[in-house]
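You will see two complexes here that share chain A, one where it goes with chain B and one where it goes with chain C.
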Partner chain A sequence: MSAPAARHEAAESAPALARRSRRGLDPTLLLIAPAALCVLGLFVYPFVYGLALSFQPYGDNEANGPLGSYLAFFGDPRERLSIWNTLRLAVPATFIDVAVALPLAYRLRRPVPGQRALGALFVIPMTLGTVLIAEGMLQFFGPAGWVNKSLLAVGLVHEPVRFLHNYLGTLISLLISDFPAVFLLLLGYAAGIDPALDKAARVLGASWWQRTRRVTLPMMAPGIAVAAALSFVATFSVFPSAVLVGNPAGETRVIAFAAWQAAYERFDYSEGSAIAIVMGVIELGLVAAALSLRAGGYRRMRTEGAR
Partner chain B sequence: MSASKLRTLRVRDLSKHFADTAAVRHFDLEVTGGEFISLLGPSGCGKTTTLNCVAGLLDPDEGAVEIDGRDITRDPPERRGFGMVFQNYALFPHLSISRNVGFGLEVRGVSRRESERRVSRALDLVQLGGLGSRYPAQLSGGQQQRVALARAIVTEPPLILMDEPLSNLDAKLRLEMRLEIRRLHQSLGLTTLYVTHDQEEALSLADRVVLMRDGVIEQSGTPEELYAQPRSLYVANFLGYRNLVPVTVGEVRGDAVSVAANGSRFTGTRRGALAEGSSAVATIRPKDVQVLAPGSPGSIAASVELAEFIGDGFELSADAGSGQRFIARTPDRWSAGDRVSLRLPPERLLVFPVEGR
Partner chain C sequence: MTVVARRAPSSRDLGGTLYVFAAGLVVVVVVGGILFSVLLSAFATSWFGGWFPDGYTDRWFRAAITDFDIPQILLSTAFITLAVAAVAVVIGVPAAYVLARRRFRGKAVVQILLLLPLLLPPITYGIPLATMLYEFRLAGSAAGVIIANLVPALPLVVLLLTPFFEQIDPNLERAARVLGASPRRVFTRVLVPLAAPGVLAAALTVVVRTLALFELTFLTSGPDSTTLVVALYYAAFAPGIRPSQQIDAMAVVYMATSLVLLLAALRFVNPTNMVVRVRR
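Now for the complex of A and B:
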């Protein structure tokens, strides 16, 4: 008696559910409305507006059709060079950050004495912002700053090293400001790795290098990919430090600076938007590459295992 | 049965401290090849610390670990060549089952063909043949446990260390894997050091049980010895003597001792030095308490508080007055509120002096 009744109920309830969802939305879904409005108003609209603007060339570029702004950017060797200038900063900065943060994060994944102090030390640069870091660097790395004074005192150099207003200054600033995020992300990943895995590998006879190569690095790979992608995006959009401690007229004329010059020095909003879109596309491309590399790595491991 | 690859393992006067607490103190053990030794004790008794010192995952503060007379105390774990099964299995999630099992062979530089042959043989041994291309996350807990076993035995280690390997499995699977572990131990001629907090597991698996307490060995011997002749109240309590009765010692005659509690007098078997008039504790297993009809001579009157059905009978909790409770197992049906008589056979009632520590 009860079984057919249950079946009847089930038959009844499926269309009933469908009817309800056809009739209207679940009212709780309205709770996402404020967030959705924020995203629409503060991200989607400006983005679409900028995208549209980039296809409406201005002034001399108008003659070249809707792609005029893009053609102007790519047609000018000096403007094109800004992409290279940015990559030249973003790629090494990302590489160095990950290379330094990875062993440190793995080392600190278990509680060690002084870990809190160390953690705080790493997080402080995050809270300062690039402008404050640049201010500090101007003093610290200046010709009469502590760094040069120390180097001179120990006799490593005979005249002050130029750390500021060049490529090196911007790179140092990027390393300081982006390291914390990379470190914390990798720390989260490393802490999530079961410590018994390393012990198991040891007992099974794996040397330090074999454990690193066969266990630790593969386990960390997804974290490394994400951290590198985020660090790359952050450093690729570098702007304040390129201006404050770099040489924006030359070697650190980065793509964000090129966009700013177009929009606010030449008042060509269209080309400024076009450059910003180019910047976004490059970032997306590299992030996609990093993430697919990670997926590919995993797939390779699986197929190897299946052999 | 193949011969063990180990002649003797000696753990000599091993001590290990963490900060200010001594986890293991003056631990001595000699294991002969082919033996199955179980380190038994509650959590925090130092059994896992001892195992990790033998594995090389921890450095002992004092003492030595010797294999066939060779001191390996300072050898890192990767040079000891032991097999180990961890509580959570510690399978490599990014490697297939075959590569998990073959890990120890791979890092030793065993050729691919040889490695494949041995991996598939090990997987057959644990009845997982054909699952080699799967990943750990795709297996059930019991299957993962078998993979961990296969990984530990594939390198044919002289010694297998197991750290509570069955504690993450459900009761039915635990029994099944227990048999499996014993079967592998025998058929491969392994030497096994097995850590557990489960007395049933230790007694059923091991040739010799080492019961630990607060970092020292409380008693070691065959399961039969520990079961029948617990050396201390602690051992007795750990091995299922759940009824504890504070008593006053009466007349002592050889091994027989008469004791008094709450006005009733009964006779027990002496364990340790007992002086007349001193306090002692009498203890007996639930299954040794005889439940009789009320008013039986030479017994304690009690009333049943709880009666739990346990399959082949009932487990009763009975109140003997003055807050003294007895747990008894009986094939007969009794219900809460029934008046009963409890008889405590003298040869099964052990009387221990009150412990000084």
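Now for the complex of A and C:
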């Protein structure tokens, strides 16, 4: 009964842990093995596999040595341009979504009429998914859609605005589908800020602007950084909407599309993997930066006794 | 009777409230407009000049059902999403239990590894993963699609359930053991009933997310293993081949499926759990 008895222990003290490790492996830990193996086999290994594959150029690129696939991507102006095409979508989308969601999340810390319904409303686009949003935009934002009809009826424009199959269409769809995640992240952070701080500043005579600049924004800074980084990572990988409501042959030929095209249209898995690795490196760098910022933010908040 | 004195809201407060409602209105107009125009268009005989369709019909649905083989797509969607949820729960629940109750060397590494597939966009790891699955001749089949969708689903289950197990009092397990219950009996009679609501919520979240997740299924599916969202993408990707109303009919089928699942899920799941909150 000794091994099973050890099984259902609560989080243990350090000495207990040391005693355990001397006695050998805790059998309960085996329960995590399938999950760990799954992540290693299906997430880590494919990355390693893709990395190895990206250094084994295929076809014409083979002549350029092991870096052939990377050289093909960075050497071709059209391919290289996909990074810029992606950045000019991801950066504005992130910036606008954070700017819109920040005051919203901050205000929703305190109750407003219909709090629950409003919260659910802002999260809805996430459950619809990018494909449905993009497909629906084809009608709504189309030349004969309600948006253009309204603009014409009001007299703001004299001919239908081209919202679709260009940069604007992709940006709109990104703004819609990326907003819920940004909002929820910021809401989580805003909820963690003690309202007493704002009250204290008010009692001490700080104006609204002073409170915002000196109390709220510094407290929200780590949250803003994390939300912005994750939003950028998500929008940087834009794929279906860049095809459906963008112009994938031109201005919205994004990096994810370039990777897909290399792997699944030209069957150059090496270059496809190379482009995916380039994407992954950029994104992982940002995620790492965001996570370390978050850790730093927590430390600061704790030492300042904010909670 | 007590009278509660209320502080009059300041003008800034009012401004904030107005901002919240204005933003809500924009969401209602844009998202509502998108969904409603899809819905109307799917039932429209034709819709050219006017504010509303010229007439209504259900023939696009009948055409979509045969042309896109919607019954087959619904079947494979149900099979794939349920299988992903089942496998993710079976593998993820023990892992979440261990993470909630044990400290061990390398725990931080395991936690980071479990977080990464949720933070990285699926298309990034999807391309190498799909390439690997093609190499193993798994891509193009339902098995390949299920395996690919497990990559974000499993971490999601673990992440949702770890705090859930943490809040189950370990004294309950201890008490059962002191009273002579075998470990298996503790598991089936104490842990399973206590964890059931959380496990159900996690499984439903996985089903909803897998249904909406496009990239991984897109990269790994074959003709018999697509899900609704990928079928919708292919339909919308080739405009001009089919009338737009028929594509909209497909979108309505997808919307209705999502709605049913979402309503089911909302009975058990807090909507804010649909994404991972990095801050815990």
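Note that in this section the second predicted complex is superposed on the first by the 263 of 307 C-alpha atoms of A that agree within 3 Å, B and C clash if a C-alpha of one lies under 4 Å from a C-alpha of the other, contacts with A are read in each partner's own complex, and residues count from 1 in each chain.
Quick note on the criterion: a residue touches a chain if its C-beta (ideal position, glycine included) is under 8 Å from a C-beta of that chain, and two chains touch if they have at least 3 such contacts.
Quantities reported herein were computed from a predicted structural model and do not represent experimental measurements.
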Comparing chain B and chain C in the superposed model, the one touching more of chain A is C
Which partner does A:P160 reach: the first (chain B), the second (chain C), both, or neither? neither
Inset, instruction - Figure out whether A:G59 sits in contact with chain B (first) or chain C (second), or with both, or with neither. - result: neither
(request) In the overlay, answer first, second, both or neither for which of chain B and chain C A:A201 touches. (result) first
For this session: Kindly classify A:R214 by the partners it touches after superposition: chain B alone (first), chain C alone (second), both, or neither?
Result: first
In the complex, the residues of chain B that touch chain A are 55-57, 76-84, 86-88, 90-99, 103-104, 106-108, 133, 135, 151, 155, 161
Per the touch rule above, chain A residues touching chain B in the complex are 194, 196-197, 199-207, 210, 214-215, 218-219, 298, 301-302, 304-306
Note: in the complex, chain A contacts chain C through residues 4-5, 7-12, 17, 21, 26, 28-29, 31-32, 34-36, 38-40, 42-47, 49-51, 53, 100, 103-104, 106-108, 112, 118-140, 144-147, 149, 176, 180-181, 184-185, 187-189, 192, 208, 223, 226, 230, 233-234, 236-237, 239-240, 243-244, 256, 259-260, 263-264, 269, 272-273, 275-277, 279-280, 283-284, 287, 291, 294
So, in the complex, the side of chain C touching chain A is made of residues 12, 16-17, 19-21, 23-24, 27-28, 30-31, 33-35, 37-38, 41, 47-49, 51, 91-92, 94-95, 97-99, 101-105, 110, 113-114, 116-117, 119-125, 127-132, 147-148, 150-151, 154-155, 158, 170, 173-174, 177, 182-183, 186, 208, 212-215, 218-219, 229, 232-233, 236-237, 239, 244, 247-248, 251, 254-255, 258, 262, 271-272, 274-275, 277-279
